[in-house]
Amino acid sequence: MSERALLLTHDGLATLVEELAAAGTPAVAPAWAGDAGRAAGASAAARETEYRTVSGAAELAFGERLPRLSLKQFFLPPTEVLFSWRRVGGGVELIPPPTDFAAQVVLGARPCDAAALPIVDKVMNWDYADELWNARRAATTVFSLACGVEDDSCFCSAVFLEPAAARGSDGRLTPVDGGYLVETFSDKGEAFVAAHRESFTDLPAGAGGEVLAVQAESFRATARERVAGNLAVDHGRLRDWLDHHFDDPFWAGLGPRCNGCGVCASVCPTCHCFDIVDEPESVGRGVRRRNWDTCQTCVFTLHASGHNPRQDQNARFRQRVEHKFLVYPLKFGDVLCTGCGRCSRACPTGQDLAEILADIDARAAIDAGAGAVGDEGAADEAAS
Amino acid sequence: MSRIGVFICHCGENIARTVDCGAVAEALREHPGVVVAEDYKYMCSDPGQQLIKKAIADNDLTGVVVCACSPHMHEKTFRRAAAQAGLNPFVVEMANIREHCSWIHDDRGEATAKAIDTARTIVEKVKHNKPLQTIRIPVTKRALVIGGGIAGIQAALDIADGGHEVVLVEKEASIGGHMSQLSETFPTLDCSQCILTPRMVEAYQHPRIKLYTWSEVEKVDGYIGNFSVTIRRKARSVDEDLCNGCGDCQAACPSRRIDSEFDAGLSRRPAIYTPFPQAVPNMPVLDREHCTLFKGRRKGLAKDACGKCKETCLKGAIDYDGQDTFVTEEIGAIVVATGFQLYDIGREQPAGLKGYGEYGYGEVPDVIDGLQFERLASASGPTGGEMLRPSDGAEPKTVVFVKCVGSRDPEKGMSYCSKICCMYTAKHTMLYKHKVHDGRAVVFYMDIRAAGKGYDEFSRRAIEEDGAEYIRGRVSRIFRDGDKVKVWGYDTLSHRQVVVDADMVVLATAVRPQPGIGELAQKLSVSYDQDGFLNEAHPKLRPVETNTAGVYLAGACQAPRDIPESVAMAGATAAKVLGLFSADELERDPSVALVDERTCIGCFNCEHVCPYGAIEHRDVCDMEGHVCGHVAYVNPGVCQGCGTCVAVCPSKSVELAGFTDDQVYAEINALAGW
Amino acid sequence: MSELQDTARRLLDEGLVQVVIGWEEGPRGARPVFVTSAADCERLIFDARCVHNLATFLNPRRSQITALGKAAVVVKGCDAKAVAGLLREAQLERAGIVLIGVRCGGVAGEPATLAPPALSAETVSARCWGCDVREPESVDMLVGEAQPEPPVTADLDERVAALDALSPAERFAFWTKELSRCTQCYACRQACPLCCCERCIVEKTEPQWIETSPHPRGNFAWHLTRAQHLAGRCVGCGECERACPVGIPLGLINRKLQQVVYELYGYTVSEDPAVPAPIGAYATDDTQDFIE
Amino acid sequence: MSVVNQPQRSGERAPDDSGRATAEFEPRITAFVCNWCTYTGADLAGTSRLHMASNVRIIRLPCTGRIDHVFIVKAFERGADGVIVSGCHPADCHYTAGNYHARRRFGVFRELLSFLGVDPERLTFSWVSASEGGKWADVVNETIERVRRLGPFDSYHGLAGAATPADDPFARFEMPAGATGGTAAAPADGHDAASQAPSGTGDAS
């Protein structure tokens, strides 16, 4: 959108955050998790970050480790009230949740987290438009921060994205000397910048500006290059293989290692399944909530009869792969994965999605008679 | 959809005085699921119950809550009423707004609010009550009587005469108990043995009484109607089938210096002995502790040091190598009649008791206790009934009787009254005066407690006709003074020091439960009081029952009792047992645990904590019928419904009927409103 | 590692077991592996990154594993204690498994490194504090070099003591903050070798004692219950804390309860299945200072 | 069943919950008691007309052995400021051993609750026999006074936020109102974490 990019200096960022805090506009950003209990002898943990409403620049953890959980929680909270109910005389009074959410902004979202939002939008607006999700989406402006690539578990480039993908972002920050190069991709992004114009500075005209632009581009290029080496798959044949190998012995090799805890789903930016529970507060008074759920637990598909169509973890893990790379793409034209690699990092038993995809792709290649992995056509085909 | 009826009782003024019953009804009418709420003056009265029955019919109720007194008071009443109206009795619960509310609060507002909460809580519970069916379990119609004293003998005879088998266990070599040691009995002065011995023989010969003497209860398993009792038959060393009770062995025994238990230490007996001439069975037992042969074996001598009795016995009934044996009896009901012991103030005192060293008992030979006096006075006693004192066999011209030695004395002895001493001391003075006409009987007493038919007249006779000198007061010291026994006392009526130069002193020592009663109580899971007497289920309404179904109490194991009372209690227990045996099946409260086999993982935490061994292992089979695991199963006949298994089940796969998680949750949830 | 690999190979070759559960080199470091053919035994490793408690995979309800056949499992001290727990609670039959013991000198805090770190106070796992098992005893065979005591790490007990020193209000604030992050994903439960119920209490809906909504109220109920159910059973392997995606210091709670059962009932978790757990047993003279 | 569906944005608790904090604080105590000893002892207190404060609500169970720790948790969730657990004295259990097992479980659970910041002063464990009506009255009155001093346990009751849809999902990962130390970056150790807790949150200590 913006003809000419802007610059957000580190000071500018600081003032912006303080401004927003002062104005009572929640600013969600990657911040230090640094939880007290683990401080002693848990240096690794101390480096952990999380998305959180920040009130000062000191909390910010831009360009540090990938936040523990994705942005999902700010659009589909781990628990949220659908309505509360109360007996009134002979009847029941339902009190629906408010949907007029105050505007908020996300600063420094990972592009892979931002990209998840439009992907999940599709299921949230398929047969039924999810008010709560949509209202939060509408109330939120997302500025992503071009990603330097976390580690070898990243594979955004294998799912039609890249470390600086603009998808799902209203604007983007790219690290450059002295701060961040700012681009906007939507009216929302424009409006936000306009509203806080004094925090942003114009890109110096001429050479100075050029230098920064080049810096930004080279940062993105380096990242793009780095992630490309991690994984490449041909989604066409991958889908095809999945479609025809529901009962393949391959799956029996994945189940045993899996604890069935669903940490992968908790940390996943695109997993969106939820459970609906009624919680009484007293007699004739209660709350209906929806809570994160995951297909990896045995009770997820347990029928009241006691029958369970997904008998074991083999079937459950197959479900995870097939839903993300076969079912969702066929239904919504999007892979339900942004390659953030959180599932691989968080898995307590070392289950590795990239490894599994590569494995399947190799098998698919053999089935398809093709040799090498990741032919370029795949991306275009799936993107179109 | 629940349709609950709530019925609030005024209990006359008892509840209505502090709780606004109308307001409670008003509030409960608004409560979800309640279709009718009414208050009434006396809900337990016939019209009150009618009101409930009518409401059940008119409103097609699925549950009933009666807000009144404690469920311990009237739960049965209202459940019966509901049952008569065609409702399952177990969907009826009581909200206690009397004992737990109106009687303990002043403020009408607070009390009413609490009554409403309580009612709501129970209403929520009842919504989750399930109709239950009473459990029926078979009854083994055989009784066990523990203790062969007069109480045990009477109970055994009454039950056996009622047509049921009885197993009578006595830890001594002969039945008879303390009564067999007594000379005459108050208030009639008839000869104790003359009235007891026939009963002993009758019990011994009764076709339906199985007698185990020299035996003790080792282990008790099971539950009412279905006990399995293991009895230890202590090695008697005499073959009961071969022995004909000729007594030759006793004559042959070289070690004859052993204190006779029967004569309370006033005479000596051999190591192999029959406790007393009229013993039942009339058969000796070998006292291995004092026997020369066994002493030798304990020392590890190569060859036996003695063997005289075996040599003498023509029947070859002596067996030195016999060991304790165990028999297990299937039993339906148990009567405990273990009786009492006298407070042995001579030796070490029960924990925390100072005792009575100053009375010289155990040091001064002519200071004896009541039981010893009985032996001195008894025709079958060591003196053949002549009144001769232990030290020198002289006839005592002055005898002092001291009452309440160890009784009614929290400082140094027991706080309770031993009850029988007043009467037997009066009796003793008479027996003495009848034998020593010129003798002087002085009694130190605190009070004379002679309540009982003919009792007061009896103790008056001792004073008025037989001239016993009663001095109201305590004795401070008793000590030897030459051949006299000096008694220092104080007369609290004339407020003067009294010193008596006595020839003999008789101490009426306190009645205490038998030693080892605690262990027995635990085997039977019966509770006992701080003094060790076994607890009845209810002091007034269930005086011979215990809190353990199927276990009953007769005689002095429950409290100090005299003979008529012990016999009466024995009869009462017999009536209870016969009542229990009158039906082939026993109805039991269906509040028992049930395992959900679908979610049980067979960790058997429940088994570890179940006090009744009610948890069994059940195989789980796969579709081909192969055993693929184990789950817990609760035997509803054995389960007593404590629910400990429920609390330790990690996955909540056990439920306790009547107190399910659903019910408790609902109660807690209901409290959120207040 | 050849000793371990040879042992596994022999067991599979001789058909004594159909699967060997051990560790292998994964894309992000060490991870559990299920070796079903002698040829694959070369994948087996054991080093300081092998932190996973493999007893977790012996849960009889993990049908995808039982389907593989009789298992041999590689156990270090904490794994062996967990196996004892499963035996104690009748979840396993000793004859049904083969235990390959490995001598362990402590493990790293985290398996996701490409090479085993040199163990130091910084790198060693908190779980190893006070661990007394260099050589598991209850095993069928023992492999590996004799191991030194693990480096003295930051003492878990000190951190517990620091919390004990606070006022209840302060502790409540601390835990509310920690637990407010919980999403009730139950990774802690799934990673626990002793949490092996068919249906966990949180999944019992009538009644729903524990609210599954991850608001702090539901989270308190969940973590109180998880801890209470593990009191006297927890082997202190720390897998629950490691599995937690939001870094809740569950190790503090587990350690606290280990201290409590020891102080109150003199109980320390044992490698001997015959030693009864403290909850479910009692002594008539148990302490009751807290009872009026 | 008629359904009144009127959108309304209400942060307030249901009417029957409101106004506790303001009025003179009356503790709510939930008592879990065994049927044979304590319940009967409480009956005796009644028959003996022993007067006591009215803040206790009794839930009757067969035995302390039946009492699960989740009862206590749920009681706090449902607004209790204090909890009493009471049963038979050792060796007096009607079921011989239920109280011994309860003693162990609660010996541990009490420590656990305390470690998580629930002031043990809010819990009373007691042995009250069927003959100890007087002791029951004392247990009740003493518990009430102790809890009265501690104040309402709103820090626990409020853990799920207001029981209405008004709870702000954006605040989801922040400290629940009235319970904790806000969202400031977490300090180095427990001490600091706590010192950040606004006073009056958690238990008054």
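The chains carry the letters A, B, C and D, assigned in the order they are written, with residues numbered from 1 in each.
In the analysis below, contacts are C-beta pairs under 8 Å (C-beta built on N, C-alpha and C of every residue); 3 or more make two chains touch, one makes a residue touch a chain.
Small disclaimer: the values here were computed from a predicted structure and weren't measured.
Shared contact partners of chain B and chain C, listed by label: A, D. Legend note: the chain whose CA centroid lies nearest the centroid of all displayed protein CA atoms is D.
This structure's chain pair with the greatest number of C-beta contacts is C-D. Centre to centre, using the average C-alpha position, chain C and chain D are separated by 32 Å.
Averaging Cα coordinates per chain places chain B and chain D 40 Å apart.
For chain D, residues touching at least two other chains, in rising order: 16, 68, 74, 78, 91, 97, 101, 105, 160, 173-174, 186, 189-190, 193.
Contacts with at least two other chains are made by residues 598, 609, 648, 661, 665, 669, 672-673 of chain B. Contact with two or more other chains is made by residues 33, 35-37, 40, 50, 78-79, 279, 281-282, 285 of chain A.
On the chain A side of its complex with chain C, the touching residues are 33, 35-38, 40-45, 48, 50, 68-69, 78-79, 152-153, 252, 255-257, 259-263, 265-267, 275, 277, 279, 289, 291-292, 294, 297, 299, 311-314, 344-346, 348-352, 354-355.
Touching chain B in their complex are the following residues of chain C: 60-61, 89-91, 196-201, 204, 206-207, 209, 229, 276, 279-281. Against chain D, the residues of chain B that register as touching in their complex are 70-73, 96, 98-101, 103-107, 110-111, 113-114, 117-118, 121, 522, 525, 527, 547, 591, 609, 611-612, 640-644, 646-648, 656, 658-659, 661, 664-665, 667-669, 671-674.
Per the touch definition, chain D reaches chain B in the complex via residues 16, 28, 30, 36, 39-40, 42-47, 49-52, 54, 57-63, 65-68, 71, 74-75, 78-80, 91-92, 94-98, 101-102, 105, 137.
Those residues of chain C lying in contact with chain A across their complex are 26-34, 52, 56-57, 62-65, 67-68, 109-112, 121-122, 126, 153-154, 158-159, 174, 177-178, 181, 183-187, 189-191, 199, 203, 208, 211-215, 218, 239, 242-243, 245-249, 252.
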